[in-house]
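Would you mind keeping the following structure in view while I ask a few things?
Order as written gives the chain letters A, B, C and D; numbering starts at 1 within each chain.
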């Protein structure tokens, strides 16, 4: 069978995006490999933008899902009680919450997309505090619905709202936003402590521990702890958006583990189902769970298929430290590989941490050229950052060392060729 | 296996809702029947709030999904090209768009929840027109994220936003909102035509052809055509929210078929996948598809599993008129059955149309008592309306005549008993 | 001396307006007559848009002001205690408040313009209730600063804010807005009583008893009492904007006298100083006076010169009923005179009440032609209404019967000539 | 005559403020002296918060006003042409605009309060640019109506709006806001240059050259020029709010003279009339004067009495450099005198520049104690700053050297006594 790609141009909205970079029709995917209709196999360094931390079609999740479907298990049950939800909740409690001393969190099933979890957090923070203002940070990305978009930094994304009102948010500099010497936390603190700064008392602070879309900016432990302290001082909710950085991406399950940061709310989505199925939730401290029944609801909240595969992720990868240790080892390999890339591109520098790293190559044009060259060579990889200037690796945490190495080799080669071409063009 | 329901109270947010009405743990579902852990089987008159128009676990969708998963088909591909997306788009074009003279629509894959499609429509309308104001209607329900919520009428839902800004929307009376004698359309028109009314020039009008959450209010053909005319006159986009009333629920695929209404945008979700999987999209006239790439995106947009099952719905149910005819026949049965219910409840009256009908029993207490009684007798059914005063039937369109009758019998019996009890209590 | 009018075009902003209709340079004014540099004397039927209810340069106010200035009385004292403020407050208490059973009002000196008083009322209502939404009415005019403008109906005025946010207001139909048969109050009530209408619980209702800029629409006693009742029912403040209709313009000091309407706040400005000097205040029920010191302030609040002349207005005109009786007699003359005008213009009808009446001549073009013709004949008169379709009389309440008659005669003649010309043009 | 002060408590709103500090009834004022009913004369170091830069009851203005009133000159003429307006415009053009190379400004008569001019500027900037966001600065004070208040930093003032929407403004650090070492301009620039900062493209930047209410913070030449450059770079209007710092207060007529700053708009009020009469205007570059007639209007715009006295200020004080030179000499005296004060208060430091200087005494309690002590000794003086920690001198520019010295002596003595008392209390 050969797909006529005309159908996409003819029928799909101009809003479509990734298909523009990867102009082939995919039909199959296993682990860190995707196969196109024409038989070509690609190494996947994008992993559904961190939605496939455990790779494509993990055999255990696949088996569990097939069993569930074949037994006429519930596919859609609104938020009624199901055995699958109970099993997921119990696994999450046993494997994630209790071992991390997080027994006082409750789980809100929001609509199954990250933006929905963010909107729920915003609404709840405003409801709890009776305040409107939420402090967000430069280069933040929290989603595309009106509330989440008001938190988002990117002008292009914000423009999508036309003249709609993206208000009630104060945008502040993220860690490192003003360069190496400048302590942005202190500046945020001074603005908030000055009763004449014009910044209204905040309902919440929200940040990503590692900014994905914003260019793989990783906040320091000190900065995150400082924001946590500030939130407490000002009576504001601390919301950690761990949608892209969570589920092991940072090297630990949550990206703020090992820090003196106790969020009032945590948003999760992306790899929560493990299988790429839509699923999102909001963790919220019990004392703040003041929702009335159905006060925030959604038809697809608590996707049952996702409970099935999500439970497998917990039991298979997070019961012991083994998986986490291996991930951290791969992160070291990744750093080494990316350093080699940075070394060939003039002025380039590493970004991010854990399995959420990349190379800032200085300009969007260069980054895009490198990614395009990679795709020609069989590697799926994308850019991020305010100007798309970062080549970003979001490979599955389960990637084999061989594929990781192979991908990094392609990336290095592509970077070399693009740099070489640019030199020639400049002469 | 017996599930300990404590886990839900201990871990799930207070926002949970349906599980409060149906206090049992479900494990299996086929067609219009759901089975609980204890072996009890219930007739399902709720159908995932219209997300399961084709019933639970339709055998053909199930087979297609199992085939896809077992072959390591793509589960999550962002918005890359996949064979499954192409196949769905082609089916949609052939079976839905072209036969209805709707060849000039493009399809935007939004995040896979209805609210996401609504937010995309709002943003696009504002972007196109350079205006902010959107006209929405009393008792409207369009979703829970900040943009969609600003369109929503229900005060309880709106309160969930705390003091967040739900602005940029003018709320106007829906058809019939001021009682039988009053032409609300004329009043909307007078407000909009008066340049000193304080109503800003609208970016869009948005309405549900049949209001689901708002109490099964069905707008008349004349009213919908009038709103369409008004939108054109004022240079505003016409957005039809067909999320709950679409996919055959009204008796035709779209709820505005056969009317002189040509929406600029149409939101779809709920039964779009047919299997209860998260899936939403926005139909938009080609001339209005001015999105830049990725200007509105979302990790889970274009759920591949949903493409697989969604294509089956189109090919199985919509290639000919047969299914539609049967649905219309069942709608007649439904009307008859509900009239019998209305006859036993003093002051009750029928609401809605097609397979989206119910009985306004005058008060939320009565409606809830009837639904509770139904559940005791093996029927899953819910209320809707500003005060939950409507007993609402959203049974699968594929329900067997036997189950439809059985369900209606239970409902009638429950209505009788509750009415009888209330009479006794009143004496 | 002859003024070179070039200076105005060269230096004054395009926002200037009245000077465009009355293209001559004025130098002197007494009572209801204004004299231009070239010696022409005009009868003034505009009276500073109701800011000169007692005519120009009333001899007693003039004497009091001259005495004050010559004695080096305070011209500007911020809101410090002055003998003049005390004297005005005492007169206002004795002559206005106590005889009308309004002893429980306090007086807030706002910045000396009407819009400032309106903004203070909006802020206070929101502060008291903790709610944001304020219900305003079609054709309302409350001022040009951002808060007051959000209440204002006129699209042209609203456009002046560019894409600034005029939010937090619900615009509802004023009495008669939907024509004679339609009870707009009932519709407002239905929208507010429906908890799913999308109308947030109101902080306040604000209305003008007679709409000046909006076209001399006079609300009925029943309608105003109904709004008052609605406000109470919904826990909202009732704000009566009596800026243009107050200080005797309606026939009584306040335009709501003799009605079962007890406003929580009343805005005053325009003729408050009596001499045309800037002065505004907000009357507020004692129980609602929860301002902190300086929470709303303003450099020019409590204009001392205005206290001096304002006190004269109270003592000279309002100590007994005599003035009020005469005003009401003149209002009858005015009605008679305007009926004659209406009789010569096809389709014309009377608008307003008291000394705030006019003729709706059906179109802005006709109204403007009539006013222009009047000016040629020595009468200053202006239009109002959404489309400037109303020829509006706001003559001083102190106008002599001769001047009133003379002015009305000119108006009648102008109306006749314009009608005649239009007939000829149409043939 | 002795005024019963009960009337103020009984009738005037709790919003009243200055009268709380200066608890006596004033009856007369000349130059820099105010006399109370009991015969006590006070030196006035407040000067109507900079509204009386030329002192109370200047004899020439007084004479001109008396002549005008006695001749039945126009007191209120809306915005019709008057000889007085022409004369003022011509004087302003000849004496202020042309000698300063500012021939391309037009003058918009707004409502006669500063906040009205600010609102007009905000609206016009948004209208011109089609953008909403306005950049304002920490400790800014621009007025109390909703638009101006959204620009204002002070939390107490902002709280007066209840839950009203103060949106569409980005608050940034003013020069020096983060302490001596920190270049706030650079940080503002980095936030604006980062397309992912979340700061929407600005319609305008607005700042006070010297912040009056905010604590006498004087921006440096470099900072102001930097903001001007930034505004140009980002296509935004530059609005200089010279309401408190203008009319000579800074040592030159405008506070930005001698700098490479060419504002698109300049707000003026306070001392514009010279006599303390309400008067405000907006200077706007001709190219930006895109108002439609009456698009922003106001009953009291263009106060005729203020034209009369305002013309005297121009002709008497600004025709030559003499007055300006004397003001600058007095500013040196003021600095010397305040340094002496600062020397006796531990940790105190000078603030401001020109005739707009003060002493930051470290706490609001100390500052208020000093001011209270001053009043006992016959000096009217007030505090400013986020925490009222600055003792602020706004004496008339025309103050005699004797009165200036006398006032400074009282201030020094008061500061000494308060410091002494605090030392004793601390022991």
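Going forward, contacts are C-beta pairs under 8 Å (C-beta built on N, C-alpha and C of every residue); 3 or more make two chains touch, one makes a residue touch a chain.
Remember, it's a predicted structure, so these values are computed and weren't measured experimentally.
If you compare B-C with B-D, the chain pair joined by more contacting C-beta pairs is B-C.
Over half of the residue-numbered contact pairs of A-D are shared by just one pair in A-B, B-C or A-C, which is B-C.
With each centre defined as the average position of its C-alpha atoms, the distance from chain B to chain D rounds to 58 Å. Put simply, the C-alpha centre of chain C and that of chain D have 30 angstrom between them.
Annotation: 50 Å between the Cα-based centres of chain B and chain C. The residues of chain D that reach two or more other chains are 132, 156, 163, 165, 167-168, listed in rising order.
Contact residues on chain C toward chain B in their complex (touch as defined above): 132, 136-140, 151-156, 158, 163, 165-171, 173, 177-178, 182, 186-187, 190-191, 194-201, 214-215, 385-387. Of all residues in chain D, only 1, 3-5, 7-8, 10-20, 22-30, 34, 37, 46, 48-49, 51-52, 56-57, 62, 65-66, 69-83, 85-86, 89-90, 92-93, 106-109, 111-116, 119-120, 122-132, 143-148, 150, 156-157, 159-165, 167-168, 203, 269-270, 275-278, 282, 284, 289-300, 303-305 touch chain C in the complex they form. Against chain C, the residues of chain A that register as touching in their complex are 163, 165, 167.
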